[in-house]
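Structures are listed in the sections that come next.
Same chain, two partners: chain A is paired with chain B first, then with chain C.
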Partner chain A sequence: MADFIQTLILGLALGGVLALMGAGLSLVFGVMRIVNLAHPSFIIAGAYLAYWGFRLWGIDPLVMLPVAAVILAAIGVLLYRFVFEREARSAKYSEMTVLLTFALAMVVEGALGGMFTNTQRVTSPSYATDAIFIGDVFIPTGQLYAGLASLAIIGGLALFLKYSRFGYAIRATTQNREAAELLGVNVNLVSMASFAIGIGLAGAAGALVSFVFSFFPAKHWEWIAVLMSLVVLGGMGSILGTVLAAFMLSVVAAFVGDYIGSTWSTLTFFLALFLILLLRPQGLFGEKPELA
Partner chain B sequence: MKHLTALCGATALLLAGTAYAQDAAPLKIGASLPLTGNFSIAGAKHRAGYELCIDMINERGGILGRNVELVVSDNRSDPATAINQYERFINVDGVEAVYGTFSSRLSFPVANILAKNNMVHPLPAGGALRIYTQGHKNIFYFQPNAAEYVGASLAGVIRDLVPEGERPKTAAVISADDFFANGVWAGLLGEKVMDPADGSEVADLAPGYLADSGIEVVFSERWPEEGFNDWLNLANQVKRANPDLIIGLTASAEEAVQLTRALKTVRATPKMVYFSQGTQAEFLEGTGASAEGVLVHTSWHKDAPFEAVLGGQPFSNLDFVAAYQERFGEVPDEDAAIPFAVCQGIEQAILGAGSTDNAAMGEWLSARTREEPVRTILGRFNWDDRGLPADKPFLMTQWNDGELQFVYPTDEFVGVDKLSHPKNGF
Partner chain C sequence: MTMSLDQTSSVLAARKAHNEKLAARADKTRAVWFPWTVLALFLALPALQFVGNYNYVLHLVLFTACYVTMASGWNILGGFTGYISLGHNVFFAIGGYFAGMILARYGISTILLAPLAGVVCAAFGYLIGRVTLKTRGPSFIISSLALVMIARILFDHWSFVGGANGVALPATELPLAWAKLPYYYAFVVLAAFSVWASYKIKHSKFGLGLRAISKDEIKAESAGIDTRTYKVLAFAISGAFVGMAGAIWGEYLTYIRPNIFLLILVSVNMVLMCILGGKGTVAGPVIGAVLIVIFNELFVATLGASEINILATGAVMALALMFFPLGIVGTLARSGRLPRVLNWD
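Then we have the complex of A and B:
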């Protein structure tokens, strides 16, 4: 029984971190219909900010989290204004943004490599490799703090979306862009703010990733498929769905890793991606796609 | 006066040689490296090692009076791209020699292309035995031995350095599902090595180094080559098996960091830990005090007093460390040192053959003996028929007091440190 509980805890611990990593990706898709393939590269950028904050000045990555979020959000504003806003008028908007974000991912990777070298890094606050033991069962404190921070940020985002006026506008734009515009919503401003929040969330997630996993500029390629599986399972654009998917898949992967083998635990995410596209393409909370 | 005349004459000759080197067409050497993607960390260091070596050769007047030009392409850690780039080097860029790439995964397909084009293939990384059993003529490995035989050094440490009553009796073997790591696994567990092309048996390694050492394997598991993040779960399974010895066949320093941190978090308490990667400074930075006592095999050590040559002049391993530190501001690790040795080997092959005729270079390299070897900062090299070094042991190192200390074999050179045992957890 202790082994079962332990595996469950480890799955939930991993899910907490993945939830925030996927949330920004989901928000950007929901509002702007952009599958941001560069999202994990911005997570790596956030991780570098947290790493250097810790290494140079001893600032805890959890303290660096809002700094990384704000800096990345500002980059998001600039990217939107100078790159994505122009593409919004393109007849092949969706196709163009996929290519654009793919290129952006490579540019960010190259820029990070140029600034920080390709050396792998990991931030090492004391709690990152500690654990709370309750009998035979342990809770890794690094993942615990990361998960709690992740849930707090996502909870705050959910409250903002649900109760603030601007949150209404974001949700309206997510549900029906044209109708929102007809009702007076400045969808361009909403899109820019959503993109900035999405990239800011990537920065925040990066601060958490910096002490949970080691990273280097090219690491983002390993993350994109995992994050896509969360967003697709949750329902493209549904942040709540992404969070639930993160916990579900992480727990399943943990049990698969424990009872079947580690090789298969990673495969769980990709298998889920295939199955959900095959059986329920709208995901858990997404809208059913309309037949043309 | 005589001395002054001689000095002036030597200087004039050197200047003349340098001027000639600058005038003649550059000698192009191609290297396809993983500068981005999963192997980018090692790839960047390989480029640093190659570049430093070539710059120093050029400072000494080049090779055969010609400046050397390194043509590097980023293969993005992708085998197909690496193949295309070597084809391009040979057929479009007109390189006269090549340096190998990083990792067995890339080196295996590249070996076929270079053999087809009759090029000498010096490998800085590519330890899987299968690479050397394809019948390629001019393939030369610049590390001590194939991955399948790495376990001999671990077995030697246990046999020769650990008192009989304290030797590990049980082991957990966990490994990346990687070309190189799988080779080490096969040797440790005594598996058969098969040729992927036709399914034929390359070698039967039974009973394996662990069985030979009287060690029972109580847990074994592989993790996927890419995208694995469930380190805590894996570490917890290792802890539950309660082994005396943890063998982590990591494919990169990054994996070694992740695994060590996870083992620390779950509070695993093995007596001995061995990793196949982890000599790099990044490993120490990522793991801190947890690195204490971890054994790692290596092909190179900064304190090894190997005497070599570069640009026709004596050049020791200690000279390399000093030059690297001056250029890059940090102590090199084996990922930079091994390519440097490859560059030295090819320089000596061109000088030995008197030209860049790859057939002649290959013949010269194949004719090396223990008495007349290629001399590099990794020590002496001569090769068997397969292209694997003859009688060259891996160096076993151990992290102690924040230093990577050389502990085995004890008769390779002076300056061997005492093995610290047992490890007492992380």
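Then we have the complex of A and C:
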């Protein structure tokens, strides 16, 4: 029984981090219909910011988090202005942007690799390797803090989307772009803001990732399909769905890893992605099968 | 209001005559001698070995020919049919491992096994395509990426094929000056065959159906095209070409290992070559392959680092997508400035 609870806790802890990693991806897809394959590479960029902040000046990654988020959001604004805005009128927009973000992921990977080499890095604040024991069960504090921080950020995002006026505009654009524009929403501004928020969330997730996983520039290829599986299972564009999917799949993956073998736990995500795309392309919480 | 039989046949005859006239006119704008001359030149090129050591030149031509084969194969699905796959190196791996394992166990040359590897890849392509081609657009691209991830994990942990360490293959016993020759000819012939085949496919009824699917799948379906079968067949055929290239590539490198075949850069190169040269054209993948190989060699020679290579590949891809979505051949053809020697369609 202790084993069972232990696996469950480890799965939930992983899910907390993955939820934030996937949230930005989901937001960007919802508003702009861009499948941002470069998202994980921005997470890695955020992780490097946190890593060097800690290594050079001893700044805690949790303090570095907003800094990383703001820097990456600024990059997001530039990317939107100079790259994605002009693609908006392209005939094969969705396929075009998938390929474009794929190319972008390579650019980011190459740039990070050139600057920081391909050594595996991990930020090591004291809590990263600590654990809290409750009876026989232990909770790794690094993952606990990361999970809590991630839930706090997602909670904040949800409140912003639900209650602020700009959040209304974002949700309206997600639901129906043309109608939102007709009703006076500045769709272009909303798109730019949500792209920046999405990339900023990647930066924030990167700061958490930096002390939970070890990372190197090419690591994003391992994550892209994992994050895609969350976003697709949750229903493309539904942030709540992404968060729930993150918890579901990481708990399943934790059990698969425990009972079958750790090799197969990552395979859970990929197989899930495959099955969902085929059986229920709109995901668990999505409404229209837009991508099918 | 039914037409009588000989009225119908006279309409058909007139249409046939008209089509032949169009084909004859198209032939006049084409310089068929050019590809044949290039092919003859490449077949004669190894004679250089009599006067000196030009193994590097042979390697470059061989490498380009390998990518011409793969990019032309990819083009059948990605260019003609409009389904962009970022996972085609899975077929590269299947072809390489199939032929490589037989070579390692029974000593049969992969050059002989290549057609068989193509058939095996086509079979896999058919089965995978039956499943993944139910999705469309971005979903298909994502599913193709997931396919690479799954294949990578499976090959990395499959002990029969050596897991992540792979399997060493016997090296050729030819003297150094001639060691590349069998692979050189195999790849040049394979590349020529793939270009010829993609021309034939593009102008067949099958190819017409594929192009209709890429324009508008729903309209194609309502026009009576069995889109499901067409797509899956295109997937299988394009996988077969990539698999044949993979089969010989393994023996040429004397090694099969997941991180030779299942690198994301391999499938990106295929996509990039087609986009740069011109998706859906016959000459596009060839021009793209030549450009990318030259480009890679320059970067490796001057800068060396693979990180810079990844950065540059990504940057070129992004710029090409933003400013040149039709590729070189497509852009020139649209403005009517395509030189006759490059008009292979």
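Throughout what follows, the second predicted complex is superposed on the first by the 289 of 292 C-alpha atoms of A that agree within 3 Å, B and C clash if a C-alpha of one lies under 4 Å from a C-alpha of the other, contacts with A are read in each partner's own complex, and residues count from 1 in each chain.
As a convention for this text, a residue touches a chain if its C-beta (ideal position, glycine included) is under 8 Å from a C-beta of that chain, and two chains touch if they have at least 3 such contacts.
Every value quoted in this text rests on a predicted model; they were computed, and no experiment measured them.
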**OP:** Could you tell me whether chain B and chain C fit or clash when both sit on chain A in the superposition?
**Re:** clash
Original post:
Regarding the shared-chain residue A:142, is it in contact with chain B (first), chain C (second), both, or neither?
Top reply: first
Subject >> Contacts of A:221 with chain B and chain C, given as first, second, both or neither >> reply: both
Original post:
Can A:267 be said to touch chain B (first), chain C (second), both, or neither?
Top reply: both
Subject >> First (chain B), second (chain C), both or neither touched by A:118 >> reply: both
**OP:** Would you check which partner chain A:103 touches, where first means chain B only, second means chain C only, and both and neither mean what they say?
**Re:** second
**OP:** Look at A:4 in the shared chain and tell me whether it touches chain B only, chain C only, both, or neither; answer first, second, both or neither.
**Re:** neither
Original post:
Given the touch rule stated above, what does A:94 touch, chain B (first), chain C (second), both, or neither?
Top reply: second
**OP:** Identify the partner contact of A:259: answer first if only chain B is touched, second if only chain C is, both if each is, neither if none is.
**Re:** neither
Original post:
Between chain B (first) and chain C (second), which does A:160 come into contact with in this model arrangement: first, second, both, or neither?
Top reply: neither
**OP:** In the superposed model, identify the part of chain B that clashes with chain C, out of 78-86, 204-212 or 348-356.
**Re:** 78-86
Subject >> Footprint overlap on chain A, where chain B in one structure and chain C in the other make contact >> reply: 109-110, 113, 118, 217, 221-222, 225, 263, 266-267
Subject >> Residues of chain A that touch chain C when the two form their complex >> reply: 35, 37, 83, 86-87, 90, 94-96, 98-100, 102-111, 113-114, 118, 217, 221-222, 224-225, 228-229, 232, 263, 266-267, 270-271, 273-274, 277-278, 281, 291-292
Original post:
What residues of chain A sit close enough to touch chain B in their complex?
Top reply: 3, 6-7, 10-11, 13-14, 109-110, 113, 117-122, 124, 128-131, 133, 138, 140, 142-143, 213-214, 216-218, 221-222, 225-226, 253-254, 257-258, 261-263, 265-267
**OP:** Name, in rising order, each residue of chain C that touches chain A in their complex.
**Re:** 84, 86, 131-132, 134-139, 141-143, 145-147, 149-150, 153, 157, 264, 268, 271, 275, 305-315, 317-318, 321-322, 325
Original post:
If you look only at chain B, which of its residues touch chain A in the complex?
Top reply: 35-38, 40-41, 43-44, 77, 177, 221-224, 226-230, 232-234, 236-237, 240, 252-254, 257-258, 261, 264-267, 282, 285-286, 288, 290
